[in-house]
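Both complexes below contain chain A, partnered by chain B and then by chain C.
Right, the complex of A and B next:
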């Protein structure tokens, strides 16, 4: 039992390391992706909210002041960058479409785990590497953030990453049945952009849609962690988010397994 | 005429290529509808809490969004595919092949590929724009529409020039896929009415990084009384066009084939 766990751990660690090393291969690209881009995105988001606020005829919006929205925009951009999956989903789909998947199918390692470890490894690396940006901005501009809430937020984010990867695995499995699945990835990410709360805080949505949006597992991709950090919601919302993501994981896991096994059965080994 | 013939041939090829994958074709139309909906959702949600932001009410913002979508469709239909693939073109050395052809390299790089999917989307968003105008409560006069279409052309030209500047960066540094994403982030400043910004940022989006001229200025001049931007926009667009041409030629001089 212990031996099998050690071997499992080593395999996953190696895949995570591989992801980090391959991303570091092109340093300028990595620098832009990990630092420059989030910095610009954050600046754009914060400025947009500041603009709306400074020119609008309101002092509070839905009960929250300017500081709360600036803090939300700052952290939502950072969190959503971590929880969005473009690159690894495209790589999985590409592997299936082109037939590169053969090499992975022959290994004593599942396709799902191979990419999950890479995804988690890279995202952890980026998350820890870029955490300084929102922290410094929150400190400099004295924005409302409860730092003691960060550990629970990170646990929720890690849990959510497994869910996001499962969704990506589900989408990539369409590659067995369709020639191109890139549009599905784009469509999925646009939907998540809104449903996660990256675009605007989900509590601004009128009822009853607000309750549905917040209860969905996708809200853990930005809204719940950021709202908890910035004081818009309390810890009970985080516990509900854990349950929601767990249910989402079960549902999406089941659907992904069905798609995958159906796809592998019809796969001829020469690219889908 | 020669260039028109070449462009028509390229368009035909792109059409055939797009129709090759029918499901993908339909999916992409659907994905664009999702994008439009997501862009609209932010204002629809914001205006459920207030009646006016910076003098723009929801009906006026809908006209702005209609303009944004129409211009976006035109951009995506004629230019975007070329610029999105530009980094790959340079990295794989395929640009060398284009440079050897007896046609202008900037023309080939900018208009070689088209995306006919957006033709259908354009019809859709033009319908949305018409709906937004007819629900405005007042109809802008013919002169306002004339100014609007002129400024829209200037806006498209500004968008093209700014995107070309980013392409020139790729030409010099070769492997910089992510430059494209940086552009998309900066472009977002242009996806909100410029009156929403504080005065220093308004100056920035009109004069420094003139993304405000792309959609916001045409919409503003259609909906409200014209201001100095009516003259500034054509001036800047001409200036940028000249600068972009020089930047392209300068970039080509510094370009050392990536494939060798």
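Right, the complex of A and C next:
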């Protein structure tokens, strides 16, 4: 038991390291993905919230002031950068479409675990490298953030990453049935851009849609962690988010497993 | 219309044999290789390799086999081969120091030690293939499936790989199932020949046996052909029939 856990850990640690090494081969790509894109998005969102405030005749919106929205915009873009999966989903889909998957299928390592470890490794690297920016900005501009809430937020984010990867695994498995699945990735990520709360805080959605949006597992991709850090919600919302992600993981895991088994059965060993 | 890539066939392969699978394009040799390695599921039928059903892909089975596809890189493109070997060491649960020693030894034999720390994408096709071979042998597979391991390589690289595989087989006695369009690969390495045509095994026997059987078909006084020419003649006949 102990030996199998050690070997499981070493295997996954090696895959995570491989992901980091591969990404460092393309430093400019990494810089754009991890720093440039969230900086641009934050700038746009902060400008928008300033614009809304300067045009409107109000001092609070939905009970929160401009500082709260600026802090939300700042954190949400960086957190969502961590919780969004474009690159590894595309890589998984491409592996299936092109037959590169052969290299994993015939090795004693599951495709799901291989990419989960890479995804987690890369995202941890991105998180450590980029979250310093919103931390510094929040400190410098005195934006509302409760730093003591950060540890629980990180736990939720890591749990959510497993869910995100499972969704990506499900989407990529369409590669067994379709020639190109990139449009699915694009569509899914646009929907998540809204449903995660990256674009705006989900508590601005009118009822009853607000309750549904906040209860969905996707809200843990930005809204719940950021709203908790910036004081828009309390810890009970985080516990509900854990339950929601767990349920989402079960449902998505089942669906992904069905897609994968069906796909592998019809797979023709492309490229060989 | 349903076209069968591989028709029902019975085949038994003993441990330590080197099987050369030969046939024209689309004959079904790669399909057979993919089935036996577990890469694809058959529409019907059964197969047992090392006591396992290959397409169930149980870890205990996968630890004992290796599939090398000459037309598909299986190591990581952006990384030096040595980094990929480190990952393979963990995947196959090998002892790191012993594994490192092994890949260095194999690289020495293949004359490519200096390329171990260069990213795969920067290597020539021949150098890449040598790295792929090392990666596929790292865990001492009992069965090695080789799909056109010398395709696209220059004559020197082909010869190096052939020599290496010959030595490796003599030393470690793995079972090898090999497909190639280069008949030198087959004639120099295989001790059993399987000729496949239109998804059917049309000859199963020793290389010499096949040469003799074809020689018997030739008219008296006709010039003797070497192995490559005999196979080519056979494949041409098959192509015409298709």
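Quick note on the criterion: the second predicted complex is superposed on the first by the 270 of 272 C-alpha atoms of A that agree within 3 Å, B and C clash if a C-alpha of one lies under 4 Å from a C-alpha of the other, contacts with A are read in each partner's own complex, and residues count from 1 in each chain.
Convention: contacts are C-beta pairs under 8 Å (C-beta built on N, C-alpha and C of every residue); 3 or more make two chains touch, one makes a residue touch a chain.
Here the structure is a predicted model, which is why all the values come from computation and not from measurement.
K.L.:
Is the arrangement of chain B and chain C around the shared chain A a clash or a fit after superposition?
P.N.:
fit
K.L.:
Looking at A:265, would you say it contacts chain B, chain C, both, or neither? Reply first, second, both or neither.
P.N.:
second
K.L.:
Please name the chain, chain B or chain C, that touches the greater number of residues in chain A.
P.N.:
B
K.L.:
Check the residue A:91 against both partner chains and state whether it touches chain B (first), chain C (second), both, or neither.
P.N.:
neither
K.L.:
If you stack the two complexes on chain A, which partner ends up touching A:32: first (chain B), second (chain C), both, or neither?
P.N.:
first
K.L.:
What is the contact status of A:162 with respect to chain B (first) and chain C (second): first, second, both, or neither?
P.N.:
Neither partner.
K.L.:
When the two structures are overlaid on chain A, which partner does A:99 contact: first (chain B), second (chain C), both, or neither?
P.N.:
Only chain C; A:99 stays clear of chain B.
K.L.:
Once the structures are superposed on A, label A:255 by its partner contacts, choosing first (chain B), second (chain C), both or neither.
P.N.:
neither
K.L.:
Which partner does A:18 reach: the first (chain B), the second (chain C), both, or neither?
P.N.:
Second partner only, chain C.
K.L.:
Can you work out, in whole Å, how close the C-alpha atoms of chain B and chain C get once everything is superposed?
P.N.:
Least C-alpha distance after superposition: 13 Å.
K.L.:
Go through chain A and flag every residue that touches chain B in one model and chain C in the other.
P.N.:
26
K.L.:
Where on chain C does chain A make contact in their complex?
P.N.:
Touching chain A from chain C are residues 30, 33-34, 37-41, 57, 59, 62-63, 65-67, 69, 71-76, 78-79, 83-84, 86-93, 119, 147.
K.L.:
Sort out for me which residues of chain A touch chain B in the complex.
P.N.:
26, 28-29, 32-33, 36-37, 40-41, 44, 47-48, 50-52, 54-58, 61-62, 178-180, 182-184, 186-187, 190-191, 193-194, 199-200, 204-206
K.L.:
Please name which positions on chain A make contact with chain C in the complex.
P.N.:
For chain A paired with chain C, touching residues are 7, 10-11, 13-15, 18, 21-22, 25-26, 99-100, 102-103, 105-109, 264-269, 271-272.
K.L.:
Can you list the residues on chain B that touch chain A in the complex?
P.N.:
21, 23-24, 27-28, 30-31, 34-35, 38, 41-42, 45-46, 48-55, 173, 175-179, 181-182, 185-186, 188-189, 192, 195-198, 201
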